[in-house]
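What follows is a group of structures, each given as structure tokens.
Next come two complexes, and both contain chain A; in the first it sits with chain B, in the second with chain C.
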Partner chain A sequence: MLYKRRWPLLIFLVPGLLFMFIFLYVPFIENIKNSFYDMTAIVEMPGTKWKFIGLRNYRKLITDPDVGTALFNSLKMMVLTILFEVGIAFILAVLVSQVKKLQQLFRTLYFFPVVISATALGLLFKLFYNYNGGMLNQILEYFGKEPVNWLSTELAFTMICIPTLWSYIGFYFVILLTGLSDISDDLYEAAAIDGCNRFKQVFYITLPMMKPVFFTSVTLAVTGALKVFDLPWVMVPNGAPQGVTHFLGTYMYQTTFSLSNFDYGSTLAILIVVLGIVVSRMMRFLTKDRKGGE
Partner chain B sequence: MRLINGNGKDKKRKKHKISTIVIYVILTLWALTTLFPFLWVILNSFKESSEVLTSSFSLPQNFSWNNYNNAFHRLNVLNAYKNSFLISGSVTLGVMALSACMSFALSRYRFKGKSVIHGLIVASLMFPVFSTIIPVFRMIVAWGLLNKNIAVILPQTAGNLSFATIVMLGFMESIPVEMEEAAYMEGANVFQVFTRMIIPLCKPSLSTVAIFSFLWSYNDLFVQKIMIRDNTKFPVSTLLEEISSQYGTDFGLMAASVTIIMIPVILVYIFLQKNIIRGLTAGAIKG
Partner chain C sequence: MKGKVLSLLLAAAMAASLLAGCGSAKTDEGSEAASSAETEAAAEGEAGTEAAAEAEAGKNPVTLKTVSMFGGTDPNAGVYQAINQEFMGEYEYITIEDNSQSSDEDWKASVAADFSVGNEPDVIQYFADATANTVLATDKFVTLDEIQAEYPEYAQDTLEAALEAVTNPDGVRRAVPTTGYWEGLFCNKDLFDEYDLELPADWDSLVTAIDTFKENGIIPIACSLNNVPHYWVEYFLLYAAGEADYITTPGEAPESWVKGLETFKTLRDMGAFPEDTDTVDNDYTGQLFINKQAAMQLDGSWFAGSIEDTDNTVVIAFPGLEDQKAQAGAMVGGISSGFYITKKAWEDPDKREAAVRFVEAHTSKEAVQRYWEATGAISKAAVEVDSIDGMTPLALSALDYTNGATSICAPTDSRLGQEPYAVIISNIVKISTGSASADDVLNEALELYAQRSE
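Then we have the complex of A and B:
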């Protein structure tokens, strides 16, 4: 260690650490504790003491049909992010790596929706989906078809998934493209000499070499799916219609901040954390398992 | 381009050409999907609402700034910008300063409990904002900070801090200690070494941290919504949401509002796209 005096260490370390303790670690623990209490008001006052209620919130969690919907939607979203976000991103990345010109331009354009706020994107797509004169219905009308209620009970979930997935494809595209460019050209040349066509090259070289990058992308996509909030909230607040479009995040927000059920909201937050941990562990387990098999 | 084969060169080349064209077509089509919605909304922001409802694809009949006038007069957009820039600017500076200091301590000092702290920082990456927001909200209410910018700044700074520290730490550990050694031996103290050597050397990773902190903060709706309930104090995301619930049927105004919120980000993206792309994908690519 270079620096002999130790006290400056405290000056460097303590402010940040203190900050994280006050706004991350302590609240995290407090949140767990809160889920076992009946929080009559957000701030405890004399006369409104919180009552210990044990596992009541957890029992409610299991039987609550809305949790079922939200959980199912969030899980569906996870699968969709893997298939469509990472999947389309991979196809685009492979294609872009095959061409010489305009690579930079494609990168710039594909990544663009990532930097735009989900709130703005949500409202933009709301204009597309509007029943009276929304963009999609204008197209239908032009072809002489009846207008469609795009945010109806049957369609709403799909229509929310489209912008949510679309907006982040560029993110995984960049990650995967970087991974692709790290694979040495010699490998492809050797394969080409051995008579391997481009399709086979993707299967036998690209996919195996990209495994770690895929693992990162899939883990990010799946945990990202759990954090979805802004976009569905703007387009279909409170899981409209009839709560069918609730995700765990939006349901947690509604429970906590629209309905002021703080303790049950805390329990929902714990469900999100546990699910995140389980899913990322599962991803790690799956990739490790394959490595062992080789 | 990768296929170099002796036999049937011409045939191969022709086939190759066609496949290249197909690839370009597919790539261009996707580029259109990412570009079209934004062009559409900007185009329609210059039309009267009735025109948006009937012919949203054509150019505006009479190009008008009416919607923008409305937005700026009726909705106090400037104030929302001010709030958002104050919030996101503070978050960015706070995250940069705290993460730089913490990663300096973690990369240059050996001390008891270092691995525990490192573990805690990594673990906190698994805390989604949902899991801490209710107790933080309780504190903010108890401290009487609700509806103040600081109520958004504090949790957002904490939320970006662990990731920023990990990015900074990775970079600082790669800086060789020899240079500092020389400066230190010649009598500079730790703080001089830190501010005059380490910080300038860390510029690339500091800019990464600045970019993702700023964008995450500027674009975030969740924390803004919880902490700022007074509509005269709204930052941009909450203001936009409010506009949609109040004036949702005024399509022209909506299009203009969406454009207004996007403009600063679009401008910055045009000039700094390479840095932004690197900044936002930093953790994934390095980690």
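Then we have the complex of A and C:
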């Protein structure tokens, strides 16, 4: 026990708690309440009264095809983040950890996209994909090919996923590289003496030793996938084309701020929070035993 | 023991930093107050006799909180700011705290929030149509009659028709407008000449133009269906339904309205819109038109300000539809916004006159003339404006177009309101591909309108 009297700690904890309460928990409770009313404006204007509509928004949630698309896309994004963000980040981390010279340069280069704002990245990729004069179509034109509509209904989701996934690889790369550096060199040396080549070392030493770091990365990636919003919104607002690139975040934003359907937007926000809790609990359950009975 | 010493040291450091923070804040406040007093003293010195005269006249210093839609890239923004500066020069006891922005949905939401919590400005330039209903419900605006009872010269330059146009949906006049707008078909005439095409005057000639441009690799119509299909929605509804049915909000979707919106599919199937119309935004399609990659663009009078080649660009009436019910030359336009004075300013004896003078400064004949000229002298002015010399061919074509208009109707959103209208707009891409039925979309919007009207 470091401190005998705990009350001074409260002085430092209460401001943060109050901040969370006022700016997070109160609005969230208000949000739950709003989902049961027919909101005619973003705030209840003096002289107006919102009508209680019960579970109407929740019934609409079940039948709304756009919710289905957004949910499916968000789930697909979760899988893709594990495969590509964490997967590629791991491969890069293993390769870079083997390099003694220029390791710092690689770290900086791979981490760089993380510090660029999603808006800037979105605009950049939008320029790449433009049908008229976009970079990709200029290259095609140079080789005498017909221009391609990179954001057509068939290609749009893939083209959105590329920058979304790419921009965060560096984040997991740094986490995994730090995990790799924690593995003692003695283990590798002992394995090498026993005749284990580099490839086998990755499988028999690196992977098992990295499990806790992996599970942390996967949990972050999966919950992060639920929050995907800014990059797709900049590149293809309103789930364009034809709503096929909607994620839960973009659909909630469109419903609330473009369509001014504030109560249904509140319902979608609740869905996102519930899904976030469910997914994080699932991840905790799946990684519990493997983390050593955590 | 070690822990205790550590915690004691940490607590001491934090307490010291807090005290230091307080001390420095005090010093800052002190120095700020001193410097502000110095600045005020200097300003007073510079103002000299004029300020003294104001003080003698018994005017207390007034800070006027103002909000307008003349922000961002709006061509009126420069004139608005210039008038504010001149106003503060003329009335030295008045300081303007202005918060003008482009009128997007976020801005409308923040205005509504300000009005609901009692944080409304003293003067606001805002919509007068159904868009304003939410804010009007708070009953925080002063009526024109009340103002004119005390200040008979208020809005004296404004035309009666213009004041009528900005009458609120409840039939009460509160706003004083500056300029209005119209929506028309901008055409790159040089492209039409290059392919020996007549400017479209009816549906058939429009179809011919679309086919010809398509064959020659020119985008026939610059339009982003995902972002701003509004102008096409309006003209399709107007021409399919006719003026009388267009300005009447029905209970259920009329066949003519459905037919009007289905024209989106017809045009899409013809390849009239850009290949990426579902994903690009309005700025991008506007650029396609300006760069001569597209031949036509249906837009508002404000679009004229961004056109560089004013010699080879013209604006004409909407060509029309098959079996149209509106007469040729029917136009969508009007005056939809104006300056309001809030009760907050009106009930403050110091602010009342300042607010009145501020609105007069922006709505006088001279001010409106400047606004009118800033938008290329082609918008609809709320006062009698003096024609200017050296009008561009684009401005002249706009003048011909507006003079030849056989009828002028305000757009649908001014009657339906924001939320029901957004239902239509958000479904245009789906209607154009056939994945949503125009009938269902219109009925959903009209049902919502009925709910909101209850």
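Heads up, the rule we're going with is that the second predicted complex is superposed on the first by the 270 of 294 C-alpha atoms of A that agree within 3 Å, B and C clash if a C-alpha of one lies under 4 Å from a C-alpha of the other, contacts with A are read in each partner's own complex, and residues count from 1 in each chain.
Operating definition for what follows: contacts are C-beta pairs under 8 Å (C-beta built on N, C-alpha and C of every residue); 3 or more make two chains touch, one makes a residue touch a chain.
Model, not experiment: these values are computed from the prediction.
Visitor: Is A:Y131 in contact with chain B, with chain C, with both, or with neither (first, second, both, neither)?
Guide: So A:Y131 only meets chain C here.
Visitor: For A:W233, select first, second, both or neither according to whether it touches chain B, chain C, the two together, or no partner.
Guide: Only chain B; A:W233 stays clear of chain C.
Visitor: What is the contact status of A:Q254 with respect to chain B (first) and chain C (second): first, second, both, or neither?
Guide: After superposing on A, A:Q254 lies in contact with chain C but is clear of chain B.
Visitor: For A:I42, is the partner it touches chain B (first), chain C (second), both, or none of the two (neither)?
Guide: After superposing on A, A:I42 lies in contact with both chain B and chain C.
Visitor: If we overlay the two complexes on their shared chain A, which of chain B and chain C does A:A190 touch? Say first, second, both or neither.
Guide: Neither partner.
Visitor: With the two complexes superposed on chain A, say which partner A:P8 touches: chain B (first), chain C (second), both, or neither.
Guide: A:P8: touches chain B and chain C.
Visitor: After superposition on the shared chain, which partner residues are touched by A:L286: those of chain B (first), chain C (second), both, or neither?
Guide: neither
Visitor: Which holds for A:K100: it touches chain B only (first), chain C only (second), both, or neither?
Guide: In the superposed model, A:K100 contacts chain B only, not chain C.
Visitor: Is A:P241 touching anything from chain B or chain C once the two structures are fitted on A? First, second, both or neither.
Guide: The second partner, chain C, only.
Visitor: Residues of chain A touched: more by chain B or chain C?
Guide: With both complexes superposed on chain A, more residues of chain A are touched by B.
Visitor: Which parts of chain A are touched by chain B and by chain C alike?
Guide: 2-3, 8, 42-43, 130, 132, 237, 257
Visitor: Chain C touches which residues of chain A in the complex?
Guide: It is residues 2-3, 8, 38, 40-48, 130-132, 147, 149, 151, 153, 156, 236-238, 240-243, 254, 257-261 of chain A that touch chain C.
Visitor: Touching chain B in the complex: which residues of chain A?
Guide: Contacts found on chain A: 1-3, 5-6, 8-9, 11-13, 15-17, 19-20, 22-28, 30-31, 34, 42-43, 92, 95-96, 98-100, 102, 105-121, 123-128, 130, 132-133, 135, 138, 166, 170-171, 174-175, 178, 185, 188-189, 192, 197-198, 201, 216-217, 220, 226-227, 229-230, 233-234, 237, 248-249, 252-253, 256-257, 262, 265-266, 268-270, 272-273, 276-277, 280.
Visitor: Under the definition above, what is the set of chain C residues touching chain A in their complex?
Guide: Within the complex, chain C contacts chain A at residues 3, 7, 11, 105-106, 109, 112-113, 115-117, 134-135, 137-139, 219, 226-227, 274-276, 278-281, 284, 288, 293, 418-419, 422-423, 426, 429-430, 433, 435, 451-452.
Visitor: Which stretch or stretches of chain B touch chain A in the complex?
Guide: Counting only chain B, the residues touching chain A are 1-5, 19-20, 23-24, 26-27, 30-31, 33-35, 37-38, 40-41, 44, 52-57, 98-99, 101-102, 104-106, 108-111, 117, 120-121, 124, 126-139, 141-142, 154-155, 157-159, 161-162, 165, 177, 180-181, 184, 190-191, 194, 215, 218-222, 225-226, 236-237, 240-241, 244-245, 248, 251, 254-255, 257-258, 261-262, 265-266, 269, 273, 276-277, 280-281, 284-285, 287.
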